[in-house]
């Protein structure tokens, strides 16, 4: 099955190439990038020599429609919204890794992204691709709004507890930490090695565009209106996200109760792994893989639970979950092409 | 004025050497270490060649009493408690960088440190050396219990707001992140490079021994009984602590209100620097220096304030604050020997 | 085909688990470790949850002989030499990732390793497993002495030029740089994060035990007696080796001549990739993969060629090449199970 | 004594600020930067709050001449050559940290820097500021061409041996490794965190513009015409340069002979420290300080000596040596303001 990747020169696009190269069903037919079209992907990424040596092409809807059966968008926000409606019309299903089709309300998009929202019709067609929660919708979708990296780690960490009534919906605080690959390949002082190495930064406190995405999904799954406090930090590492989530425990649930509940909840979710009491996951535990590992601690002194959720931001937080959704859309085993063992150390 | 350093072979001891070498008044007379006595400090730390080439000695109370006028203890917990009472009796003031004399209640010490507490008499003599808050007591002290690294960053970040009634005492959550030098020089898998580099770990959730130290000091300053939720993380960097502190705002205070209040509160505290709105400190901003930098964000959507407080764990979190206390005890300018400009990048 | 891994708790053993988990033919039947026997591998490496949860066992030759068809030794030097002769006698082929069977002359082993050499009979049976050079011998071998990490990068970088007479055999200098995983999982100050991060160290100048291995193989392939100058450095990264090799050019060969010769030489070697002029490989270009990437620069001012050769020390430098040899021994495609795309970034 | 810093917004300029802030004689009067003039230095570098809060100004020769007594240029190559001749005419001595006045021959500058050379008159006035070798000339200089970072480490490592006739002048190979701050603050993929972290890169093999600077100085000191092979690598660390230097030993000199000779040679050079046999310096051993540490190994098997020389690229490789030269020009103790103890760990 022939697929194309728009934004193939960025890190999420590159990760799609890495994972799709060994996928038994999907075959990369087109690499698309406006800014680098005409070049070979090997020139940009010499490590792809002998693996993937295609030339990057410009995006033309008719051309694409004639050559691929599905298109991944691994573009910055504000790009895919210009193309996807037309592609869907031409019968080309799309998986959008950008934020353009995640927020149902155009005004909310505009307020948090400071950009023109996607057409309302496309927004209505979009299925939010948090694979563990929306498999039925994903199977029938023409357009997947692939979740953000922070929302994926956060939502997988918090939804079962909120749904089960273990935690107070008004007490949720998410202290999120990310490696630098999450900031993409565009150069800036924020991602300049000498400014970042051996350094820890807080940024975008209370204003990150992933906040409405989290709240919208919490509501969709639990019907509860929430407002979450959400802080982000840049950690001097390349890959990995850790969300340390705090919430007030509603009853007398213990650490073991949380563990038991989550194990049951995710028993059919091969990519979510629950840790035993006293063990918390590290970001390396999932590096290069599609896993989300989750650990718990209920502090009986304060009545707070701490939930630690980790993913590889480029895999479960981007390309891996996109392929998981691709598998689901096409009736394949959701693990197909995603059985990489975490690369440790 | 001749001083000695017990535990000179560890990182806090080494940092005392670095800072005291250029101190105008203090002069290092003895380097003490049981495990490495007889060796030259230069053998352990070749970078001290031509700077400090003394031999390490064993600790004998009479010997020490005859040669130094003050002793720094930069030892693991469970060591200084065996010596300090006798030293005070001999008239040798001590600054204890370990946790042995911080907790007033011996039972609390035993519960959190799992070790034998110090003699009650010494505990009663000890003054908690958070320099910005207890200058009067420090000036007259014979024994300083130098604060822990996490408590220093946390308390400087939270005390003015709690004292002023800006935040709810029952809502305090501290998400703490530390570089690896905080774990000391003892080797273990936890500090093994290949396990730690490019990796982020949560550890000791809800059980860190710095929790009672924080709560005891919050009470001492504000008379409020609190229970804080406290989580710790290891970040792949050498130096630096960041505490991201969350609390419920009591009234309608804004980010600017917090900034204004903290600027006023710390106007005579040269080592505390308050950031403007929208700017949050990074750990490199204080690297190698005795500063504590603090930034704020009030999230009006959730009614939570986020306070970001950073220090260099080996300086303001250990050796630097110890020297600040030394200066105060001896009637010197508290900044003496501590005017290092942060080393950036 | 059932295989076992001795030393499964170390990093090379762990990398064998990672790579063999998805190998189409080999199946891990036993994980063996004296020091951690009885534990589950998941306890040591939580990231293996749901992937490999076997218990570690002690090594008993009869037990092993009854259950596996081939054994990998990923042990420190001085271990495999006690077992392998007996295993071969029982008809169990072995691939030894340690240095115990690499040096043909027991006295040389003793001089460089400061340990008891392996039995002479085993040394005589051992085939040096540099896959690109000794495929015929490997196919028939019962015992593979899998090459060291530095020798692999060095020999692949230097052998074609030396064989072709492009470089002077008496002028070879190898400046080798390695990530910290090469030092294994044993903790020490040398691998302690705070001593190593943001730091660069030279070590073992002129005395590394990989020197005789390199010289022995240079002679075996080219019949030339050489003495190489070899220096090693520890770079603050987890994986990767770069050998920067200097040698006097014999004639008027240009950078292009080297590139052309190497492309021809390695045209049937899928794991060796030759860079174009002006491009030099980085260690990340091969991270997690079995590739060796090589670049060249002839400096016409000095008549020296610089050859830059990179591998992932745990893959082509250890477990990956071991599996490549396993494939060759069993008549399989040498790339089987080794098609991982380098993980970049 | 009032001084100004041109290029104060770059890393070398920033390091001048860090070091001059505590200098007893020099006082920063002007911070100059064309691209950021009008801003406060505190806006660019928040860590300078309360330490240095001056506004950056544009460079006007008359203005400068009226306000400062000496000017540091910490600018990219191709800038200072436009200003310095005029400043000297106005009687303002300059210390140029850029490469513009280092090469005596304008054609050589043009060939290696690909830029317009400085006026010949200025080149003739310039004194090469390798402090340990040209103190007499420096004392009388109006214009210091402050050495490059790689040349400083290389020349201090090699000159005594070459001068003494211990090594063959035609055999010199320098394998240089640098942290990323050496690439400056300008953003690019080469210094982008995700491309650089946990990665090791070779670059500019045989074509680095520091090559003619090294050869010119070797000749100036020893009267020997040399051609050195010089390779550069980027190491994932912020500060530090290590040059691993290889050369053929001329006679039967041992490691001890080299050590003895260098100790004698540098006995009046407080910033050069010689290591004992079997010990090699790490870059952290000099971090934040003006030291150059040097270690040796003579390999009797190959007749080669390996010399390992480390500096902090921003201190002895830039701002520190500039201040050392400032001290010498002004008849001050060369160590004034430069007694920082290396920051370890």
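A, B, C and D are the chain letters, set down in written order, and residue numbers restart from 1 in every chain.
Just so we're on the same page, a residue touches a chain if its C-beta (ideal position, glycine included) is under 8 Å from a C-beta of that chain, and two chains touch if they have at least 3 such contacts.
Computed from a predicted model, the values in this text were never measured in an experiment.
*Asks:* Which of the two pairs, A-D or B-D, is linked by more C-beta contacts?
*Replies:* Contact tally favours B-D.
*Asks:* Looking at B-C, A-B or A-C, which pair matches C-D on over half of its contact pairs by residue number?
*Replies:* Equivalent contacts to C-D are found in A-B.
*Asks:* Name the chain whose C-alpha centroid is most distant from the C-alpha centroid of chain A.
*Replies:* That would be chain D.
*Asks:* Hey, how far is the Cα centre of chain A from the one of chain B, in Å?
*Replies:* Each chain reduced to its C-alpha mean, chain A and chain B end up 39 Å apart.
*Asks:* Could you give the separation in Å between the centres of chain B and chain D, each centre being the mean of its C-alpha atoms?
*Replies:* Here chain B and chain D have centroids separated by 36 Å.
*Asks:* List the centre-to-centre spacing of chain A and chain D in whole Å, with centres computed as mean CA coordinates.
*Replies:* Between these chains, centre-to-centre, one finds 45 Å.
*Asks:* What parts of chain D, by residue number, touch at least two of the other chains?
*Replies:* Each of 11, 179, 181, 194-195, 197-198, 236-239, 281, 284, 345 in chain D touches at least two other chains.
*Asks:* Which residues of chain A touch chain D once you look at their complex with the stated criterion?
*Replies:* Per the touch definition, chain A meets chain D at residues 11, 179-181, 183, 185, 187-189, 191-198, 236-238.
*Asks:* Could you please specify the touching residues of chain A with respect to chain B in the complex?
*Replies:* Interface residues on the chain A side: 173, 175, 177, 179, 194-195, 197-203, 205-206, 227-229, 231, 233, 235-240, 242, 244, 246, 280-284, 295, 297, 299, 301-302, 304, 306, 308, 310, 345.
*Asks:* Which residues of chain D touch chain B once you look at their complex with the stated criterion?
*Replies:* The touching residues are 11, 14, 17-18, 21-22, 45-51, 181, 197-198, 238-239, 270, 273, 275, 279, 281, 284-286, 288, 293, 339-345.
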